[in-house]
Structure formats: structure tokens, C-alpha cells
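Supplied in C-alpha cells, the structure appears directly below.
The letters A, B, C, D and E name the chains in turn, as written, and every chain counts its residues from 1.
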């Protein structure tokens, strides 16, 4: 049996890396990638914890999370696409018309 | 898990579907709207509005038939008395939003109706879920819909706000999800009751449970726009279409508040040896300060209202901090009054924007040209500030009364700070709430522009003002309505 | 029917007038002021009826000594397990409030005459004025804390707009400053109100929480163990909650009064406000602060009155001296008068804190008298401002030759203000100081040095007023701009000034007419505060130890 | 049990692989490279899922993430970047702050992890007679039915919304700002 | 209507004031004269009809069970005082009709005089200290108005301002005294208080002294005693009849009257203080009079000095003596002032040279011929003031000096001051007398004084003759005043010292001669040179005398007078002015403090709030990733806070 803590270490590393990607990368799509990493980190936890769960809630949840992630990405990419089309910008930090 | 038990389970589920009649109606209706959109394209706005309103009527009918308290779907859904109050409330707010003056352009788009209804669906579901997975899904339903709707001005600012809102929300929900995954690992189930068992068993889980809860709270804070997760809201509010902003400043917030109240009671969060109330109190104070202070120098009315709503969120969660039935009652009272005055404020802002007034200072001298409009603005603004004789005052009074009472029984020192600083914030907030009437009355007019104030606008605003006043002068009416619901969650 | 609901009529006649004004089209603009005048005329008559049908002989202080009471349930907030919050429409008068009601009616009436020449947005002006009138009178007759608070807060907005729209150059700054100051004061009051309503119930076994001030007097109505109950043993930062509540209340009302050091809104507000609004502000609004001390602070917390009376008196004395000095340094006539108001209101604090009958009677009398006299003073500055648009003392000299009537009026009002015997101000200040001294000698909470310093305030008052007369009215005639037209007082101004002078003289010569109205109440009040206060203190000290 | 050992070894290899790939994203200069690295991360995670008794999830991961999300992202990149080299570079910003915050978060997690995770005791894993995939199917139609419905609606909504947003250029009206 | 006479005395002047201001403007003077006559008649009738120690009390202020009543009280003291006031007031009113005949402000003038008379009678008749105080302030007020009557000139407004303010300082003491009395005895009725014997009652000694000092301070202000005396000379900027009535005869004497009234309440320590202050005032006033060239100022300083005498007498423990001096002084000093008024009026009427100062004695001379009637009256009054036998001043002054000698609680320098002042009084009056009436420099045509000038002068000068007050004008003990005042409690007749009248007469005579020689020196030296050969010795001695006179006395005393005046103007007045200025400076400082610190603090808070607002807004910089960083940072902060807590 793999110790559960190792799963958590694994997931937390992905979590941190995801967070750092979000904060570091200027590209909107890369930020989205960071978000996906965070979601995957949570998924790893869910799967790991549900190994012994007879009701498999964790795994079920993972499936839904994946679906939601897709939906979210789709919307995000639609917006990114529009922004690029209208302003030629794909770096998120160039968007700063709204402030104060 | 045997086949027979499976059968029973399915039978039970099918039987239970009755309670989701409003939601089902909503889903079906919204599909029809999509179809209408496919037929009419971007025309026939009136038909779509009529249909939407009709649909809302149907849903409320359905609500009145199906709101029976109890647990359904094996505990996944639990209908508490509050739900019976909250659902009609959401429906009314949705209906109101459809009447916004500048919404006509939006209302021609079937997608707009559809998305609004999706938020309504999410909110209606959110307040009755009893399970983290469903919570996550409904919350995401609301969130993603909001992300899309914020773009509906279809301009640069709109898209900018949209992506900012989305990425911020995505990160928040990611962190929340991580917290939820940890909670699942600790409790062994996604049901809230399981977490309750975990807490009430009293076995120490070290730092894990608090950590999980805190990560989980991030999502809640995000939806409530509480500091430090408030930063998205000014941008989104400024750029989003006014009706949408009005909508997402009320419905998702109230839904999350109600869910959280249920969360607290189901998971017996008060029993945990971790002073989450202190953290919430701190956040409430910080939110009020951040909201009110930042609003001081805003020149854009909608942005100002965004900060105002951050501050109001800080007020609203006082009800959660108090947590007893009095507190929840006060919170709901506050929420309803806040909804009314916020809708009124946004309605007026929409009216101004329609007439081409973008900045607050453009409003100079307007109050002298249209005194009635000026009076309405004054009433709504002082209501938002929480001065008598408006419902805003009664709401604040009840909220602080509840807080005081809680302090009296518990004696936590931070509560008295919350009390005092909360009141102090009322004073700060006046600076900017009075800015609008101030410009309208005190400053001389510079332009010839005036507001076309149609009968419909007049009636709607007058009704809002009337309710705001009524909820002061006969506050017991509203409170008695609230009293009909049992708040012992 | 009118007699049955006399107080309600008093309060709501201006509001009815406001509604009537709404129905008058803008084209009939000249009617507004007549409506306002009529309404306040009715109010004045009603208040006179009230005074004459008031029974002076009812002794004691408390619910039983109130007259013309009306008590109706208004809002009953039922909040489940906790019980319910009962807000009542509860009005009544006793000796404390009667004179102030009369004062309000008079000053408001004069204020309308003074507003006769308002040109800008007449409808709005008089509407707000009527609303202000209602809330002012309401404040004085309300006996339910919530009702009082409602009227108290509701004064702010009309005042804000009246200064902000019809004011002078820096009106924006002044109005917002006024608003914020007063609002902070009222928030402090709100805090205490919430606490009180939670601690006080209708009766010993009731769960109906009440805002009734008279109920709040009785320690038995406090829920045992509630924060503001006498037997509550908890403390916050070393003070009992009752002490905190008292301090908050006093600070809240002190802002309104205003006391040093929270007075700085007043000069600004006055300088920017139009003349009639200055008149109303100084004449009545400040009195609400003083009245709040009485009706709310001292009545509900007699223990605080005894424990912190010394400090209140001290701040009163500081206000007297300090504001007099500041007044002396002013270059603007209206600012000078504003600071003199601060100085005079210091006497109210001193007299009240002395906890002697003389001192309290004097403080009440001072409120009335200052109401009349400050109205007069602000009318004076208004007369000048109307003619030249300038109020700088240094810009005038030797006006007495050009405007003899005006000069007479100024001399009379200035001497009235500096406490010349024969005018009401003297009686008030004399009573306050003698009461304070008597109290100091005979073991009340004040010290001897306070009335003695107060005496010094009298000299300072004489100094700055006379200096002003000397600078502005005597000597050779000179004004800054030769083009200034300086006609003497006209009939309208005389109509305002003469009654006020006569009133100041009349009550200076026959103070008994006013003092007798309040005498029994004041005696009851002092007796109540002293006995109940000491009782309460004993209980509190026993609980805390 | 050699199989388990193998599983364990595979876990560490896959986990390490994923983490390194994720780090690779962090340091990658080229957006396309980063996306490919993301594929590797997801593959590794899918592998972990599979050895963690969640084959169905693992497969879903591969299919939806790699087949869906990543393709979407590639589309996105291609649509939003001119393929002329420079624009494909993914620039970094405020690395220091991000690192500090990242380590801050790690610091939060450090002590709890050190103390061990009190996993809920699910009891012995009794045989139900269904495979995991079958069980998932059953759950989807019973306990998670509502979730399924909600997800369906959510997907529809996202579809409508995303399509609407992405396809806005087809409508001349509505786009107020086309500069 | 048993007290109808008192009502008439009190209210008739007020009625006349109202009438002359509002109704009978054209006959304002006649109105006042008529009413003053009525008052005088009433006062005389009251002397005979009104029972002694009668009066009445009315409720005025009822505070709780405490009644601050007001009322009138009539006894011999009040009786004499009313008659004195009534006489002087009547005569001044008559005089004013001539004096003010060209002034446009007559209604105002006579109304104010009426108001003053009303207030003065109020002080005299008031039965309790509260009412006394009320009228006390009112006389101050009317005095303020009358001093500043010519408000368009530069000096009068300032003088009136100063006068009122200094009086106000004194009034504080009065109020303090009232407070102390009330706090212990709960009554302010003078007779009741005397009955309660405050000096021996259970009052802490400090408060007893404070009480006395307080009441005395009132007298210091009103009666222009050291150190508040400087307002009185300044007050001479008012019309001269006003000076005669208010600043010589009546109002300034009110302080003395009050002291006499409350004498039984004064503690021994207080009496010592009173005596010392009186002595200093008498001496300083007399000295300062030397250096004046303004005729009215000389008389004003003389008044200060004489008031000092009265106060000294009170301090010595002989209030009756003070009161009698008050009475006699009222007549002869009013007479002197009216004489000066007559002179000034003469110059006003005849000399219209621009810049001519009709009050400067250097411009005067030889008026004996021009104004013979005035000269006669002035002579009588002056001799009375100088304290020569057969004149009223002698009687009262002897009583005071005897009292001073017999009072052993006063330091001896007071006595020295007393006697020195006798000499100086005679000397400065003679200086004035000879300069104005004899010097030949400026002589004009004989000028006929109007009847309305003559009548007052005649009356007042005849009232300065000793026979009026005592059948034996050489012994004050035989004065009928003393006999009627026997019922007064503070009575005390000093022992007789034979040397006292001798010394005092000697001093007074030498003072007269001294000045005579000095002023008339030039004339004398001419005479001397004519008979030089005949009486070389005399001449020699004369020369010798002149020398001594010049060196030892004249320049010496002149220097001293200058010094005294300098002290008065530069030190006392400066100190008072400095206090005033300090007050103004302090006011500006506090004003600055109020604006910058108190209000500044508020503005600082506002600024800080705004500043904080802008900082919280800065978080919202528009960059999403900064938002995220902030959010994460905030969340981490909470986490760490929490983790540190547990």
C-alpha cells in the first residue's frame, strides 16, 4: 500500500506548482493550465482517498470535476479568443483597463 | 449493493423527483427559450421577456406546490423552511432584473434569458444541496454562467472583466476543491452529515480539518466577494451589463449565505475547536473597511456599488457569525432589504447609463431638473448607508441587535470590535453614498442632458422606494413573514 | 380632538404642510412660504396652548409625571426565541421638554420669516424646512428611544441639504462635515440604544424588549445578567458596560451640543449655512444635544451621571473658556457667534453636571435662553450679510452712525448674550453657576474651581462681544467697499428681531414663568438622579467586586 | 506481493514524472512545449489513477483531458498566437513573489503532512460483485443522478455560452467595440 | 400701597427713559428733569413717611424649593443715598439741558441717564445681593453707553469698553461672594445674612476670606480702586454731566455703598486688605492728579483718591465715616465736575479753533472774571474737597482720619498715605484752581452762565458747606447724619485725637499755599522784585523758599507725581492692558490651536481615511495576476495567523 501521505505530497506539489504557474505565466492559456493542475491535484486526492470507499464518491467526484473543468476551459478559451481578436492580446497582464 | 436494493433506490429517486418540480420546470422552460432563440434569432424581445416572465410564474407555482421540508434523494437534497422563502425571493429578483431599462438590447437575446435562468437554477439548487459534490456542481453552474454573462456588454472592458472574473474564480474553486477533497478524505463521504459526524465525534484530526475547511471557505469568500477574495468584483461590476451585475450581486450571494448557514448547522461547525467565527469576524471587518474605503474616491457609480457590495457582504456574514435563529433572521431580513435597495440602485444606474451618464459627476444638477428622481436616489442611497427611516436602518439595527445579543451570551471580545467598527463603517460609507445625491443637488448642471423618466421607470422605482420605506415603518410585516419560517436549522 | 393628540399635531403639522406643498405647482411659487408660515404659526399656537394647559403642579420625574402622553404600539419585531422588540409611538412632555417645544416653535417660526427672500428652489427649501421642523419637535416629545433616534437622525438629511444647497462658498465641506460629525454621534447613540433595548424588557417577567425610556429608568426592568443590568459583573477595558454606554451616549450628544473638542463642525456649518438655517441650528438643534443629555443620558444612567459628572462639568468649563478664547480670535462675525454658542452650551453641561436643582434649572433655562439669543445673534449677522455679502469684522467700522436701529439691536442682543441682567441669559448663567458652586460646596460631584472658571468665562464673553461692537459699530464710519449699500433694518427684519428681543427681556425679567413650568420636574429629576444614581452605583460596585 | 510492489514503484515513477513535467511547464519558454508537458503531467496522473484502483477515472482523464482540454488549449494557442515564433514564447512575471507565495502554501501543508493524514476508516473493502466501472455506472444512475443532471445542464450551458461568446463575430450587432 | 414711594423712586426714571427715547423726543431733557424732580420729592417724602427697615420681597426665581426673591428695603442708609442720588441726578439733568443743547442725540442721552438713575436707585434700594448685582451690572451697562455716547470719536468707545470690562472683572468677585453666601446660608437677603452673622458662622476661613475679597473686588471694580482704577480717568471721555453724575457722585460710590451694606460680612483679614488697597488708591490717585493737564482727568484722579479714602475708612472699620464722606463727596465732587462742565461748555461755545482742546488747563486762565459764578461754586467745592473747616469735606475727612488713627489692624503706612493725601489733595486742587481761574494768560469777555447751569452749581456748592451736615462744622460728631444712622449696625465712632484735625488742617492749608506759591510764583516774583530793596530779607527768604520749593518740593513732587502717573499709566494700566492683550494673544493662539490642531486632527482623520481608501484601491491595479497574488497572500495570511494560534 502506498502511504496516503505520499499521495497528498504528490497532490500538494501539483497544487503549489499550479498556483505558481497561475502567478508567473503571463499567457492566459498557461494560467488556465495552472488551474487545471490545481484541479488535478484535488482529483488525485479524491481518487487516493476513495481507494477503499465502497461508494466510490471520490472517483465519482473526480469524473464530474473533469467535466466541469472542460466546460470552464471552453468558456475561458472563448473569451480569450475574443480578446485576442479584438485587441490582439493574449497576455493577461496587458489587460488593465479596469482598475482602481 | 444488491439489485433489489438498487431497484428500491431507483424507485425512491423517481418518487423524490417531485420535489424538484420547480427546477425541472426551469430546465424545460430554458430549453424552450433556446429553441425560441433559434427560431426568432435576435428579435422578438418582447415575446422572450413575456415567456420568461411566464416561466417564472410557472416556477413559482411549482415552488408553492413542492416546498415540503424534508430530506430527499437519500439525504443529498434537504429542503428546509428557508428554501421555501428563498426560492420565491430568487424568482422575484430574476423577474425584476428582466425589467431593467437598458436590458432591452440584452433581452432580445435568448441566450441572455437562458443564462439568467441558469443562475436561478443554480441558486435554487444550491440552497438545498446537502452534499459537497452537488454543492460544487451548482456553484460552478452559477459561476460559469456568471463568467459568461459578465461579457454581455461585448466590449473590450466586458471581455477583460470576463476573463479576469473567470480565472480568479477558477483558481478559487480549484483551491476550494482541494479543500473539499481533504474533507472527503477525513470524513469518508461527501455528505455534509458525515462531516458533522466527524466533528461531533471529537476525534482530533490535527490541523487537517481546519485546513480543509479554510480552503473550502475560499470558495465561499469568493462568491460572497469578501476580502481578500473580493478583488474580482469591482472590475466585473464595472464592465458587466447593469442588470447582470445587479443580479449577481444578490442571488448567488444570498444562495451561498443560505447554503453556508445550512452547512454550519449540518456539520455542527460550532462544535469544532477552531475559531472560524473569529476569522469571519476579521474578514467582515476587513471587507467593510476595504469596501467602504475604496468606494470613497470612485467616480464610476457601478464600481462604487461594487465596493459597496463588498462592504455589505461584510455586514451580511455577521448573521452567519451570530448563527442562531435570530442571527439568521436578521441576515435574511438584511438580505431582502439589501436586495431591494440594491436593485433599486442598479436600476437607477442603468437609467442613468441609458441616458448617457457614465460618471457620478455627470449627474450634476440632475436633482434640480427631476426632483422626484432626486428624492428616490436619496432614499435609496440613505437606505444603503443604513440610515432611518429606511429599511436599511432596520436591517442594520436587527443585525447589530443580534450581534450584541450574541456577544452578551458568548462574550468574545472580537465581537464588540466587530460591533463598533461595523458602526464606524456606516459613517465612512456615508461619504460616498451621499456623493450621488450630493452631485445631483448641490452641484450646478453643466449639460443640457436630462433623464427620460418613463411611467414604467417611475412606477418601478417608486415601488422600490415604497418597500424600502415600508420595511422601516412597518418592519414587523416583513419580519412576520420571516417568522413564518422556522429557522431552527 | 386636537387636545387629545396635541403633541402629535405639533409634530406632524409641518409634515402635512410639506405634503400640501407637494401639491402646489412650481408656478405658484410664492405660496410655499405662506404655507410654511401658516403651518409654523399653527405650531406656535399649539405650543402655546400646550404651555397654558400644562399642569405645573405634577411632582416627580418619570412616566407618571408626563403629560399629554400618547402611547401606541408601532413596530413589534418578533424574533423568535429571543422575544420581541417593541417599538412604540410614545410621546409626552414634562418640564424638561415643554420649554424646548415652545422654543422650537418660536425659532422655527422666526426662521420662516427669515427665509422670506430665498430665491433658489423655493419648494425644495421649504419642504426640507418642514421636514426639519417635524423632526426637531419630534425629538423633544419622543419618549421612546427608537422614536427619538428616528427623529434625531432625520434631522440630519434636511440639514445636510439645507446647508449643502443653499449655503455659502464652502458649503460642500461644511455640510459633509456637519453630517459626518453628527452621524458619528448618532452611531454612538445607536450602539447604546441597541444594547439598552436588549437589556430592557417591559416588565420583570416579560420577554418583550422595549425602547421605552421610562421603562429604562427602572433597574427591575433589566434582564438579569444582561450587559447593561446593574448586576452584570463583566467589564470592558476596565469599565463596566453601563459606564461605557453612558460615555458613548454623552459623547454622542456632546457632538451635537457641541462640546470641546468635538465642536469644530459647528463654526463651519454656521458660516456656510444660510441665515435662517443658522438660526435654527443654533437655536434648536444644539439644544437637542443638551436635551439628550437629560432625557437619555442622565435619565437612563443616573449612576453614570454621578460617576462621570465631574468630567462632564470639566468639559463644560473647558468649553466655556476655550470657546470664548477662540471666539475672540475670529475675524468672521458669524464664526465668532458660532463659537460663542459653544461657550454658552458649556454652561448647560456645567449646570447639568452639578446635580443641583439650581444648576439644572439654570441649564434648562440656558437652553431656552440661548435658543432665543443665538437666533437673534445669527439674525444680526444675517442682516449684515444680506446687505454686503461680507461678514469680516475688520471690513466694517462705525456702523452705528449709518444703521442706528441695527446698532441698537446688536447692542441689545450682544449684551443679552454676554449675560446682562434683565436678559434671560443672565438668569441662566447665574443659576448654573450658583448651582454648580452650591453643589461643589455641599458635596456634589463638581469642584469649586469649575464655577469659578465659569465666572471667568463671563468676562471673556463680555470681552469678545464688546470688542466686536467697538470694532464694527463705533468709531468713524468705514467699510471696505464704498459701493456697499447699508440701509437700516427693514420691517421684515424688525418683525423677526423685536419679538426675540422682547422674549429675551421678558424671560430675563420674569424667569419664573418659564422656570415654574419646569420646576417640579427638575426637582424630581435631580432627586431621581441623585438617589437612583447612588443606589445603582452601590449595586454595580457590589456586582463588580 | 510483487504486484503491489510494482504498483508502488510505478506510483513513484509516475508521480515523479508528473511533478517534473509540471515543473517543466513552469520553466518552459515556449507555449507549445508547455502544453506538451501538460500532456505528460496528465498522462502521469492518469497512470496514478489507474494504479490507484480507479481505472475508469484514469481513462476518462486521458480521454477528456488529453482529448478534450488539451486539444482545446492547442486550438486556443493557435488561434491566439501567430505561429511566427516570438509570440509563442510564454513570458514570466514576478517570479519571486510567486515563489514566495508558493512556498508559503507549501509551508502551510508541511506540518499537517508531517503529522500524518487521519484517513477515514472505510472498513474492509467488501466485495459487491461489480467492477469499478459497473459501480460507477450504477452510481451515476442512482446516488449521483442529480449530479449527472446538473452536469448535463452545466455542459449545455457552457456549450451555449462558449459558442455564443466565441461566435460573436458572426453577428454584426452586439460587438460594440471592434478595434 | 405702602411702598408706593419706593416704586416711584425706582421706576420713575425708567419711565422717563422710555418716554424720552420713544415718545417725547423733543422734550427729552424736560421729561427727565420732571421725573427726576418727582423722584426727589418721593425720596424726601420717603424719608419722612417710609418706615425704617421696611420693604417687601417678591418671588423671582424659584429653583426647586429655593426661592431667589427680589425686593426693596428702606432704611436710613438707603434714604440718605436716594436723596443724594436724586439731588445730584436732578441737578445733572438740569445742567445737561444746557450742556447738550446742540447735540443731536438728546433723546438717547436722556434715556440713558434715566436708565442709569433707575439702576442706581435699584442698587440703593435692593434688599438682597442678587438684585443688587442685577442693578450693579445695569449701572455698568448704562455707564458703558454713556461713556461711549460720542461713539463716532475714537477714544470714547475704547474707554467704555475698558470700563465695562474692568467692572466685569469686579463683578466676578461679586458673584463669587454671592455664591459663597448662598452655598452656606441659602439666602441672599442682606438683612437676613447680617442676622446670620457670616463672620462667626461655620464657614471655612478660606471661603470666608474669599467671600469678603469677592465682595470687595466688586467694589474695586466699580469704585475704581487699585489695581482696576484706570478705567475711571479714561471714562472722562463721556459727556461732562455724565462724569459728574456717574463717575463722581453716584455710580463709583456704589462700591463704597456696597461695602457699607455688607460690612458685617467682612472678615478682619479682609478689612486689612481693604484698608491697604484704599490707602494705596488714595495716595496714587492724589499723586497722579498732579501730572494731569486735562481738567476732567484731574478731577477723575481726585475721585479715585477720595474713593480710596472711603474704602480706607471701611477697611479701618468705620463704614459710617465712609458713608458720610460718600455723601459729602457726592455733592462737592459733582459740583466740581459741573464747574468743569461749565468751563468746557464755555470754551465750546466761544472758541471754535480747530484742534483746540477745551479741557486742557494749559489753555485756560483768568476765568475768575469770565465765569464768576462758576468761580464761586468751584471755590466752595474745592475747599470742601481740600478738607478745610466749615466745609462738609472737613467733617467726613476728620471722621475717616480719626478712624484710621484708631484702627490698629492696618499697617501704619496707610495712615501716612491718608495724611499725605490730605496735603496732596489740597495741593493739586489749588494747582488746578489757580491755573484755571487766576492765570491771566487767556482771559475773555465775561460770560453769562445759563440758569440751568447756575442752579445746579449753586445748589451743589451750598451743599458743600459744613453747616448742612452739622450744626457744629468743626466737629463731625455733631453731624445729624450720624444721629440718624445710629440704628445702622456698623456704626462706630472713632476716638478723638485732637492732633488729627490740627494736622489735617495744617496739611491742607500748606498744600493750598504750596500750590498757590507755585502757580502764582511768577506774579509773586514780580511783586518781590518790586519790593526787593525794602525787604531784602523777605526777598531773600522768599528766594530761598523758592529755591527749596523748586528743588525740594516742586521738582521733587512733580517728579513723584509724574512717577505716580507713570506708574498708573505705564505699569498699572499697562499691566491691565497687557492682560487684555495677553488675552487676545492667547485667544489667537487658542484659535490657531482650534483651527490647526482640533479641527486639523479631524481633517487629518479625513485625509487618512481618504488615503487608506486610495491604498485599498491600489490593490485593484488592473492586473489580474496581482489580484491573484494579493488574494493568495491574504488567504495565506489568514492561514498562518490561524496556524500560529493553534
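Note that in this section contacts are C-beta pairs under 8 Å (C-beta built on N, C-alpha and C of every residue); 3 or more make two chains touch, one makes a residue touch a chain.
These figures come from a predicted structure and were not determined experimentally.
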Other chains in touch with both chain B and chain E | A, C, D
Chains in contact with chain D and also with chain E, listed by label, are A, B
Based on the averaged CA atom positions, which chain is farthest from chain D?
-> E
Compare the CA centroid of chain B with every other chain's and tell me the farthest one.
-> E
Please indicate the chain closest to the centre of the assembly, with centres calculated from CA atoms only.
-> C
Cα centre of chain A to Cα centre of chain C, whole Å, reads 64
Would you kindly tell me how far, in whole Å, the mean C-alpha position of chain D lies from that of chain A?
-> 6
How many Å are there between the centre of chain B and the centre of chain D, using C-alpha atoms for each centre?
-> 30
Using CA atom averages as chain centres, what separation in Å is found between chain B and chain C?
-> 43
Out of chain D, which residues touch more than one other chain, so two or more?
-> 93-94, 97-98, 101, 105, 108-109, 111, 116-117, 119-120, 122, 128, 135, 143-144, 147, 151, 154, 157-158, 161-162, 165, 168, 175, 177, 179
Touching two or more other chains, which residues of chain E qualify?
-> 617, 620, 622, 624-625, 628-629, 632-633, 639, 643
On chain C, where are the residues touching two or more other chains?
-> none
What are all the chain pairs that meet the touch criterion?
-> A-B, A-D, A-E, B-C, B-D, B-E, C-E, D-E
In the complex with chain C, residue positions of chain B that touch it | 324-326, 329-330, 368, 371, 378, 382, 387-389, 393, 397-398, 400-402, 404-405, 407-408, 411, 416, 419-420, 423-424, 426-427, 430-431, 434, 438, 441-442, 473-476, 479-480, 483, 487
Residues of chain B that touch chain D when the two form their complex | 1, 6, 9-10, 13, 20, 27, 34, 42, 73-74, 76-77, 109, 111, 114-115, 118, 121, 125, 133-134, 137-138, 140-141, 144-145, 148, 151, 153-156, 162, 185-189, 198, 203, 205-208, 211
Chain D to chain B touching residues, read off their complex = 108-109, 111-112, 115-122, 128, 130, 135, 138, 141-147, 150-151, 153-154, 157-158, 160-162, 164-165, 168, 171, 173-177, 179
Complex contact set, residues of chain E against chain D = 625-626, 629, 632-633, 636, 639-640, 643
Residues of chain A touching chain B in their complex?
-> 4, 11, 15, 18-19, 22, 28, 31-32, 34-35, 38-39, 41-43, 45-46, 48-50, 53-55, 57-58, 60-61, 64-65, 68, 71-72, 75-76, 79-80, 82-83, 86-87, 92, 95, 97-100
